[in-house]
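Okay, so subunit A shows up in both of these, paired with subunit B first and subunit C after.
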Partner chain A sequence: MAGKKLTFALMDSAFESARTTTAMRLIDIAARRGYDITVFAYEGAVMLPFAKQEQHANKVHGREVEEENHPLPRKFIASMMTEAKKNGGSLDWINCGLCVDERGAGEAIEGVRRGAPPDFWKAAETTDNTLVIATR
Partner chain B sequence: MAKYLLIESRDAFDSKDTTTYGALAADLARDGNTVTLFLVQNGVLTARPSTQAAVLTAAIKAGVEVLADDFSLRERGIPVSRLVAGVKAAPLDTVIDHLAEGRKALFH
Partner chain C sequence: MKALNIIETAYRATIEEQDDTVVWLTHAMKGAGADLSVLLRGNAVNYAVKTQDASGLSFGDTKQTQPPRLAEDITRLIGKGVEVYIVEEDVAERGLERTDLIDGLKPVPRAGMPKLFAGFDRVWHW
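Presenting the complex of A and B:
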């Protein structure tokens, strides 16, 4: 079913909800299939591709940075962009501009673009299906 | 009739909405629609035998296909052999299959 187009709307910020893990897993599956994927990141979800996310040591666990190997959503997203492209698809990640400004989250990884809710509407109109993963 | 995919991520002991959501799935099936209720994250906790599992049993009886994310089950140490009768383990790929098929999809 290559050539399919899917749209996802996300609202949760990084490091907060299992919904983000599920969203990443879903997008990853679609990327591996070579689908054309649009993600509209709304509200806190604009922090997911924030470029300043950094790994850290964990003194409580007694681990240095490398040992802790803390997962970073920005790296997941970059990896999925590469994976989608490798398989003949694409991952178009749109960050809600106003949500970005509110949070000072302008420094996103390469490939993320600024948009607005009408972009989500357009994507939903032109893709095969849309899944909204709203915050609780 | 239409085809639906209802994704449940919440634990029935934590969110009473899950009962309503399960009832929605059952009603849609009774109306002749094709319905899959996909449990993920803490949603799979409802698939263990308990008082809360009645909503799943009712949905299955109404014709709903109830699936539980195999990864979420493993994360929580729930063996497939301990699931309520009629609930099947499935990979998350199933959700993408249904989305690609064009099912009407909801995430709760």
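Presenting the complex of A and C:
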């Protein structure tokens, strides 16, 4: 399926909505299939690749940090970038710049770039399909 | 490419963002040459109500001096050449009269939405 292009627009922040997990599942499938993927992270979604996300222990679960292995969206994104590349595709993650500024989310993982709504439009114009997963 | 932005979730972050995020996004993309239209449905039909006023909010000494002005934002979109459709039944169900709304809207019945969608290359439900 190499050569196929998909664009996603996401809005939800990390750790708050199952919609984000669903979006990640879809992006992961596309990465495994070697698609060229563009993600435009809008509003709270710019927190998904925030570099300072940290794992923690969970006393309720009775587990220390390593055993708990708390999921971190930034790690998911980094892994999907690697996976896409491994399969001949790419994952271009664009954080909405103004959304980053108002959240102080400038420290993103490597490979994330700053952009603006026209980048979403540009990607959508050259893509096979576009999926918007907005906040409800 | 022609795209339709459907706005249904209303007043999502409008106080903090000073606008509706998808109306703003539409302004920004239109400014970059995008061929976009908007469909207001559900509670978002209220964005077209002329007399809404979100001013006056304050927390302690901190005042929100620039409240969202959604009807004005929609009017400016129309002024830029963005067609703004509004679902007739959603307007009527909320007790709104045509005279309550800004000018330039394109009413569409619910049953007419599939035909409307067919006129676009992309339909994005925000």
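Structure notes:
Heads up, the rule we're going with is that the second predicted complex is superposed on the first by the 136 of 136 C-alpha atoms of A that agree within 3 Å, B and C clash if a C-alpha of one lies under 4 Å from a C-alpha of the other, contacts with A are read in each partner's own complex, and residues count from 1 in each chain.
Following the convention adopted for this analysis, a residue touches a chain if its C-beta (ideal position, glycine included) is under 8 Å from a C-beta of that chain, and two chains touch if they have at least 3 such contacts.
Keep in mind that what you see is a predicted model, and the values were worked out from it rather than measured.
With subunit A as the common reference, subunit B sits beside subunit C without any clash. In the superposed model, A:Arg33 makes contact with subunit B only, not with subunit C. Once chain A of one complex is fitted onto chain A of the other, the partner contacts of A:Lys4 are limited to subunit B, with no touch recorded for subunit C.
Contact with subunit C, but none with subunit B, is seen for A:Ala116 once the two complexes are overlaid on the shared chain. Once the two complexes are laid over each other on the shared chain, residue contacts for A:Thr22 go to subunit B alone; subunit C is not touched. Once the two complexes are laid over each other on the shared chain, residue contacts for A:Ala57 go to neither subunit B nor subunit C. Touch criterion met: A:Val132 reaches subunit B and subunit C at once. Using CA centres, the angle subtended at subunit A by subunit B and subunit C is 60 degrees, rounded to a multiple of 10. For the pair subunit B and subunit C, the least inter-chain C-alpha distance in the overlaid model is 6 Å. Contacts of subunit A with subunit B, set against its contacts with subunit C after fitting on chain A, overlap at residues 130, 132, 134. By the touch criterion given at the top, residues 1, 3, 9, 12-13, 17, 21-22, 25, 28-29, 31-34, 122, 124-126 of subunit C touch subunit A in their complex. Against subunit C, in their complex, subunit A makes its touches with residues 9, 11, 42-43, 116-118, 120-122, 124-125, 130, 132, 134-136. For subunit B in complex with subunit A, the residues that touch the partner chain are 7, 9, 40-42, 71, 92-93, 95-96, 99-100, 102-103, 105, 107.
Those residues of subunit A that touch subunit B in the shared complex are 1, 4, 6, 18-19, 21-22, 25-26, 29-30, 33, 35, 128-134.
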